[in-house]
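In what comes next, chain A is part of two complexes: it sits with chain B in the first one and with chain C in the second one.
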Partner chain A sequence: MNIFYLALEQTIVFLPLVMGIYLSYKILQTTDLTVDGTFVLGAALYARSLSMGVEPLVAVLIALAGGFLGGVMVSLIQFKDKVNSLIASILALFILYSVNFQVMGRANISLQDNRTLIYLFGDQIILFMCLISIGLVVVILSSQLGLKLRGFGANKSLMQKITSNIEKFRMLGLGFSNMLAAFCGVLTAEVNGYADINMGFGMALTGIGSVVIGLDLIRRVYRSRKIFNVGSDILGCFLGGLTYFLSLNTLLRIGIEPINLKLVLGVILVMLLRGVGSSPLNKIGVNRE
Partner chain B sequence: MNNAVVDLQNISVLVPLMSREILNDINYRIYSNDFIVVLGSNGSGKSTLINLINQKILPTNGRINYSLSTRKKQYLDIMTLTQKVEESIFPNMSVLENYLLWNYKFNLLGKISSRKLTVNRLKLYLQKINSPLQEKLDTNISCLSGGERQALLLIMCVLLKPKLLLLDEHTSALDPKMAEIVISDTAKYVGKEKIPCMMTTHNIEHALNFGNRLLVLKNGKIVLDLADQEKQKLTKKDLISLYY
Partner chain C sequence: MSYKKLVHSCVFIISCLGAIYVNALSNTKVKQRTVGIIVPIEHQALTDIVNGFKQTLKQYDDSINIIVKNALGEINIQRSIIEQFKHQNIDLMVPVSLGTTQMAANLNSRIPIISLASKYDQNQQIPKNVAGVSDEIGAKKKIELLKAIYPQIKKFSLIYSGSEKILPEVEDAVVEANDRGIKVQKMMIKELRDLYSVSRMISDDSELIFILKDNLVASGVQTLVREAKKRKIPLMTSDECTIIGGGSFALGVKEQQIGIQGAKLAIKLFAGANIQELPFEQMEELTIFYNEVTCRKQELDVSRLKTIANNMQYSILSVTQSYQRG
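So, the complex of A and B:
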């Protein structure tokens, strides 16, 4: 039960990132690894702002804006599909490493002596912030903009024909996606009590794994009559994150060396993803995003 | 006769490197109440002609004058349907969502104010023509058959009232019965809404039965250009002989 509670806590902190990846991977249908960098950027901007005496809530807003700009940067690299989305995101990641260092000024900032969100509002602020991010995703996806973002993902060239300018959808979509990653960075820094230049390593991968597994899980349990259901998809993101953290904590509990953790988790992710790939739901070919 | 909607002047299209002329010195005008059927063997330049008019490709020589509207981006007013239905739909989205997305450009121009109004227009129209698609608004569009999708796209095109409708073998991938339904629907809608239309086809019967003008291309040149009465006198034999 203890493990479950721990995993639940970690999932709540992690959920904004999973939803961010859901936006880029499932809605826009591009592979965006930039979240590795914008996750750190969010934490870095937040920590640096706090250490400079900025109000915590304002610092959160600064971090969100930074994350959004990170997303805009990738979309500009990808502009008109001149650069492959995967390469573009690795490039952005490369650039962000320096940016993050510049923002932080050093490799690690501790938040212990600052007035943080938890210090001001207590632990429940994390849950509250997570709910806000869920609200944001629900609002975006059920609006006209959400429909157009999905249109962008479903058939880019047709969207281009209809609207003649699809770059703004790429920009907004990746912007929101990376903003959510930065938000997750803020929450993580808040909970851990520090921001670190390397804290983003592997986040995108874990996120994509969570999204794929979570959405597959939810489709096995509950088949919505609607083709697209924001609620069940977000629940799927949550379940995916929970699965990941449950396996992580179980592994730690049974005494896997932390050094080998990524190896074992990687293998587990590969097996899960391959398992999803061969599920009968995939073979029907319809009713899936 | 009234003014030409599209005026093609001395159009040539060359494939670079191969020095093959796909279209050779074409002069042609499309008028506002035309339903033009374009015939020609494979490689005769039919699709190239369509792609020229919808500005997908540029001519090597010559120029095209449009008098479709006063808007700057005139290509917004030309809609094209091809036999590749997949190019014109958003997969894994419902019929209704597809329709809303298709309507997007008109939202921008403020022609249609609300989503509800837009949706009602589709529903009313489907009711009026008693289309079986009425029941399928919330269905995943990927679950519809090819014929249903083409029929739906045609209806959407008509509802969006383009200034020019281009159909590039849009019935080629359909079974004979469905092709018949779609083609007669096409003729009906186009006539009723008075949308100028250019349609390419390989079906000689369709070419004889539909449209008020006929254009036959061969090796990038116009070999036959008939209108109204002359077209009606034409027989199947005459047309087949043009292929040889």
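So, the complex of A and C:
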């Protein structure tokens, strides 16, 4: 497969997770590593449901509900900022590891002999599912709820003056974010043909890198005066993921020694991030992190 | 025949002969075979398996191009490697471990796959393009050996991780031990850093520490060696690396042997066998590995160990830190 098409395909599968991280990292302005766990939870719930004879679409809904609950759990740990967001997500990851085991019943479930989405609807279902997740994010962020979620991230004190219970925005935001991660887990299990307890390794960090790089790329291209534009931000998430997978596949294709792969990939990402640092938008304080 | 016609006829015949010769040359030129090995993560045991495979295959045909790629534990990198091999249209994929094999088989149904060190569930159908070598030794054999060495043992502590291969083995080991009147303290770790805390929680009445062929636990074997030394109890493991690292004894297979057995399947394939005709083999030759220094400190009689190995028809091998594998 052509490098570009391969990267494109991988990005389509990965995009829900990048958008989930975008919700927590950029919109809620909180660091949430729970996605490493809810990604596996989504795949686990989906694979286990299928192995129990549940219809694929129902299995997807079960996985999404599981991911949402995972996000609710981490928001309850953080409740009223009593636990730092990073610590809370690490604790949630701890808990989710056991939960994922309980869900799967073993460490690896193969989907090979099951009626999966791809089996029923063909490969194009993955693109269709990805488009649904994009539509969901656009609808949420374009609504009043989206405005309040952004308000929660940008200025909690102000939000507290406007509405009495701001914790529900944290809960909903992290719920949606982790639901998208679980959805990515479902798509990954579909494409790879199995769910594995260790498949979430490195997902959050890759996703954060994709969000940061992608948003900067898109702002450089458009140089939009608008501070927030959901369409361009989602395009940015997509470009970030595509950049990561293009770099990864190109490095592998040109024969970089595997042992040095992460070093070279890391240097490329650092160079891109240094570029983010020199972005004019950063200088005027658009990125608040 | 005029001189001009003669020259034209000669040129024509020479051209035809030349074309036939060039065609014959191109037909006799054998296409170089390429084999792609996919390793999920960096680990000494996996490196030994790969080395065994490479050496055996190179002895068969030195011209075979063998590419080894390591996914460094990341599912995205693993997928890219498999797609790259597909793109290169290699002749054989060799994934190491079950997860890697599942992904390779799911993404590719055309290129034959010889899987190393993996085991499919009994109720799971092995894909048509997959053959391989399973490195699993039943828990029964390990518990039998343990009971033969320590007939009076009442309880041991089993430390394990959540890897896909390990959990069913843990359940089997507990059943086998209970059947022989031995209690088992099960202790699971999620990450390597948990190993220290878990090792401190080993019961005082535990008479032995036991680990399976578990890559995560094996990475931190030194923690268990120290704990076993402190408690003056033996550490039974399931592979040679952990015995070199200071464990007492193990029932296992030589890692290289897994690669060698896999390479023999690859040779059959290159000799013309159909991948669907090739089996998913079990390892046949089992070995008791022991660390002479540790055994001496724990007053474990090596000559008795040799007698037991002989009775149970296992080969026996002394390994220490100075021992060179392969």
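As a convention for this text, the second predicted complex is superposed on the first by the 268 of 289 C-alpha atoms of A that agree within 3 Å, B and C clash if a C-alpha of one lies under 4 Å from a C-alpha of the other, contacts with A are read in each partner's own complex, and residues count from 1 in each chain.
One rule holds for everything that comes next: a residue touches a chain if its C-beta (ideal position, glycine included) is under 8 Å from a C-beta of that chain, and two chains touch if they have at least 3 such contacts.
Owing to the predicted nature of the structure, the values given are computational and were not obtained by experimental measurement.
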**Prompt:** Putting chain B and chain C on the same copy of chain A, do they fit or clash?
**Reply:** fit
**Request:** Mind working out whether A:261 is in touch with chain B, chain C, both or neither, as first, second, both or neither?
**Result:** second
**Request:** Tell me which partner A:245 touches in the superposition: chain B (first), chain C (second), both or neither.
**Result:** second
**Asked** Touching A:121, do we find chain B (first), chain C (second), both, or neither?
**Response** neither
**Item:** Greater residue coverage of chain A in the superposed arrangement, chain B or chain C
**Value:** C
**Prompt:** After superposition on the shared chain, which partner residues are touched by A:10: those of chain B (first), chain C (second), both, or neither?
**Reply:** second
**Prompt:** Roughly how many degrees, to the nearest 10, is the angle at chain A when you join its Cα centre to the Cα centres of chain B and chain C?
**Reply:** 150
**Complete:** For chain B relative to chain C post-fit, closest CA-CA distance rounded to the angstrom comes to 35
**Fill in**
As the complex stands, chain A meets chain C at residues 1-2, 6, 10, 14, 94, 97, 101, 106-108, 110-113, 188, 191-194, 196-199, 201-202, 206, 245, 248-249, 252-253, 258-259, 261-262
**Message:** If we count contacts the way the header does, which residues on chain A are in touch with chain B in the complex?
**Reply:** 144, 147-148, 150-151, 154-155, 157-159, 162-164, 226-228, 285-289
**Footprint of chain A on chain B - complex, ascending** = 73, 75-76, 87-94, 97, 100-102, 104-105, 107-108, 115, 138, 140, 142-143
**Asked** Which chain C residues qualify as touching chain A in the complex?
**Response** 42, 68-77, 79-81, 83-84, 86-87, 98-99, 102-103, 105-107, 120-121, 124-125, 127, 162-168, 190
